[in-house]
Structure formats: structure tokens, C-alpha cells
Amino acid sequence: MVGYSEDKAALQTRLRRIEGQVRGLERMVSEDAYCIDVLTQISAATRALQGVAVALLGGHLAHCVQDAMIAGGEGADAKIREANEAIRRLVRS
Amino acid sequence: MVGYSEDKAALQTRLRRIEGQVRGLERMVSEDAYCIDVLTQISAATRALQGVAVALLGGHLAHCVQDAMIAGGEGADAKIREANEAIRRLVRS
Amino acid sequence: MVGYSEDKAALQTRLRRIEGQVRGLERMVSEDAYCIDVLTQISAATRALQGVAVALLGGHLAHCVQDAMIAGGEGADAKIREANEAIRRLVRS
Amino acid sequence: MVGYSEDKAALQTRLRRIEGQVRGLERMVSEDAYCIDVLTQISAATRALQGVAVALLGGHLAHCVQDAMIAGGEGADAKIREANEAIRRLVRS
């Protein structure tokens, strides 16, 4: 079972809304909307995506990583390294 | 005429691809994909969105802002302030 | 003359404050401060640095880039490309 | 004992180098260095600070959070919430 299972419906709702935001961006560009207005919407969609990432990471720490830590051993170390790499990519994206 | 007109088709292609990435994220979540894999895809979509934003801003500087600067006066100052606010939102999103 | 000249004193004050924040971080680590408190201070210092960058970029657009645009020709294009690269690095840092 | 203790010397070295980078920025501004060159250095200092944050967070997960998870109970939940808030601030800074 994956870490986000309990919030699956909420995550899907957030992602569908982001998909709608991106479709809105395509419409704005096709209608020659003002660049700055398009940029404002891109910032909003980016923040929404980052919000989903932070929520996923929280679920991951609270489930997958915690389970591995309680089980102990090399599995826990691997999970922490993996979570760390994900955080690094997130901070730099 | 807006600043991104000449690259309109390219921008739309990039945005459609990002829409596909977000739909891929929804599918991953619905199929209980591993959190870290979902996070990797979110980082990729975020980077792609930021890339569109940087391209838009470049077109905006090269067209709207340049036109206003050549025309001079308060219009140019307003455009610079506006571009600056967009950069600030982008850096913090 | 560079674009930030008129705000030079203000920029120096902001940078000196950031230098103080980084020295504060060294002190926190040497005193074994709690990781999360150190992270909070790193976020504050990062935001302050990004704020200086946005201010510098604003001055750059309003002076160097505007001068080049009014002069026209290839110099303006080069300035815009250069500003764009700086924005790209800033967004990804 | 805090989570970063074993890497304390390495963290201090990194922070001292960042302090030097910020002092370099002050010098650049006082010598009227070209804005774009200052921005390049700000991006480097920002990336270095974010790198320290990711390292600290990794140590925190591998020590403080792991200890709390193994101990179990509400302490573990509180640590995860706290780490999550730190990640959120980091991603948005």
C-alpha cells in the first residue's frame, strides 16, 4: 500500500484542478492574453503543483518512511536517501 | 499584439505537453504509483512550467517592454514595475 | 555607470544583514541548535538573497536594459538575452 | 544530541564559504560590478544555502525523526509535521 492512499481522492481533485489550470493557460495563449496575466497563472499552477508535492512527501514520510524506520536496517537508510533526493529535486525545480 | 505571438505555436505545444504530464500524474495516483516516482514527475512538470514562464518573460521583455521603453515616458516605468512583480512571483513560486 | 548605483547603499545594507544571518547560522550550528530552527533561518536568508536578486534585476531592466533598448540594434538583443539567462538561473536556484 | 552533529565540521565549512560568498557580493556592489555578474553570484550563494538546507534536513530525518518514529506515539507525528513544514518553507523560499 502506498503512502498517499488515504488522501487519494483529495490528491486527484487537486491534480484535476491543476490540469484545468494548464488547459486555461493554453486557452489564454490561443486568445493572445497579456503575457503578465499568463505568467500570474503559471505562478499559481506552479504553486499548486509544489503543494501537491509537499503533501505527497508528507504522506510518504508518515507512511513508507516510518514503516521502513520501524522495520529498521538498510531499508530505512535507503528510504531516507530516496526521500532526500526527492526533496533536493523539489527544492531545485 | 502580444509579445509571445511569434512563438505561439511552440508555447501551445509546450503547454499541451505539460497538460499531458499532469494527466499522467492523475493516472499514476489512481494506479497507486510509488510516491517518489510521482514526485519525480511533479518536479519535471514544475520545471517545464517554469521554462514556459521564462520563455514568456523573455518574449515580454523583447516586445512589450522594449516597445514601451522606446516610446518612453511613464508607460515604460509601469512596464518595468509590472515585469519585476512577475519575476518576483516566479522566483517565489 | 551600473544600474544599481542609486540604490547602492540600500543594497549594501541588505547584503550586510544577510552576511549577519549567515554568521548567525554558523553560530547556531556550533551551538548545536535544533535542525528545524536552523532550517527556518536558512529559509529566511534564502528569501533575503532572492529579494536582493529581484531588486538588482529591476534596476538592471530600468537602467542597463532600457539604455540599450533606446540605443537599439544588436546591443539591445544581447542585453535581453543576458537578462533572460539571469532570470532562468534565478528561478532555478 | 542534534541530528547534524556528525557532519558539524562539514556544515560549518560550507556556511563559512557562503559567508565569504556574501562578503564577495558586498565587495562587488561596492566596486560597481556589472549587475548580471552580481546576479550570477547570488544564484550560486542561494544554491549553496539550499544545499546546506537539504543536507540538514537529511540529517534530521536520519536522526531526530527516525528516533521519534522508533519511539513511536505522538512524538513521531509531531516530528513529521514539523519536518513537513520545514520542507514547505524550503520549497517556497
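Going in written order, the chains are labelled A, B, C and D, and every chain counts its residues from 1.
In the analysis below, contacts are C-beta pairs under 8 Å (C-beta built on N, C-alpha and C of every residue); 3 or more make two chains touch, one makes a residue touch a chain.
These numbers come from a predicted model, not from an experiment.
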| item | value |
| --- | --- |
| Same-residue or different-residue interface between subunit A and subunit B, half as cut-off | same |
| Copies subunit C and subunit D - rotation angle from C-alpha fit, nearest 5 degrees | 180 |
| Distance from subunit B to subunit A - Cα centre to Cα centre, in angstrom | 18 |
| Centroid distance [mean C-alpha coordinates] between subunit D and subunit A, Å | 21 |
| Gap in Å, rounded to a whole number, between the CA centres of subunit C and subunit A | 27 |
| Residues of subunit C touching at least two other chains | 47, 50, 53, 57, 83, 90, 92-93 |
| Subunit A partner contacts - residues on subunit D that touch it in the complex | 47, 50, 53-54, 57-58, 61-62, 65-66, 69-70, 72, 76-77, 80-81, 83-84, 87-88, 90-92 |
| Contact footprint of subunit A on subunit B as seen in their complex | 1-5, 8, 11-12, 15-16, 18-19, 22-23, 25-26, 29-30, 32-36, 38-40, 42-47, 49-50, 52-53, 56-57, 59-60, 64, 82-83, 86, 89-90, 93 |
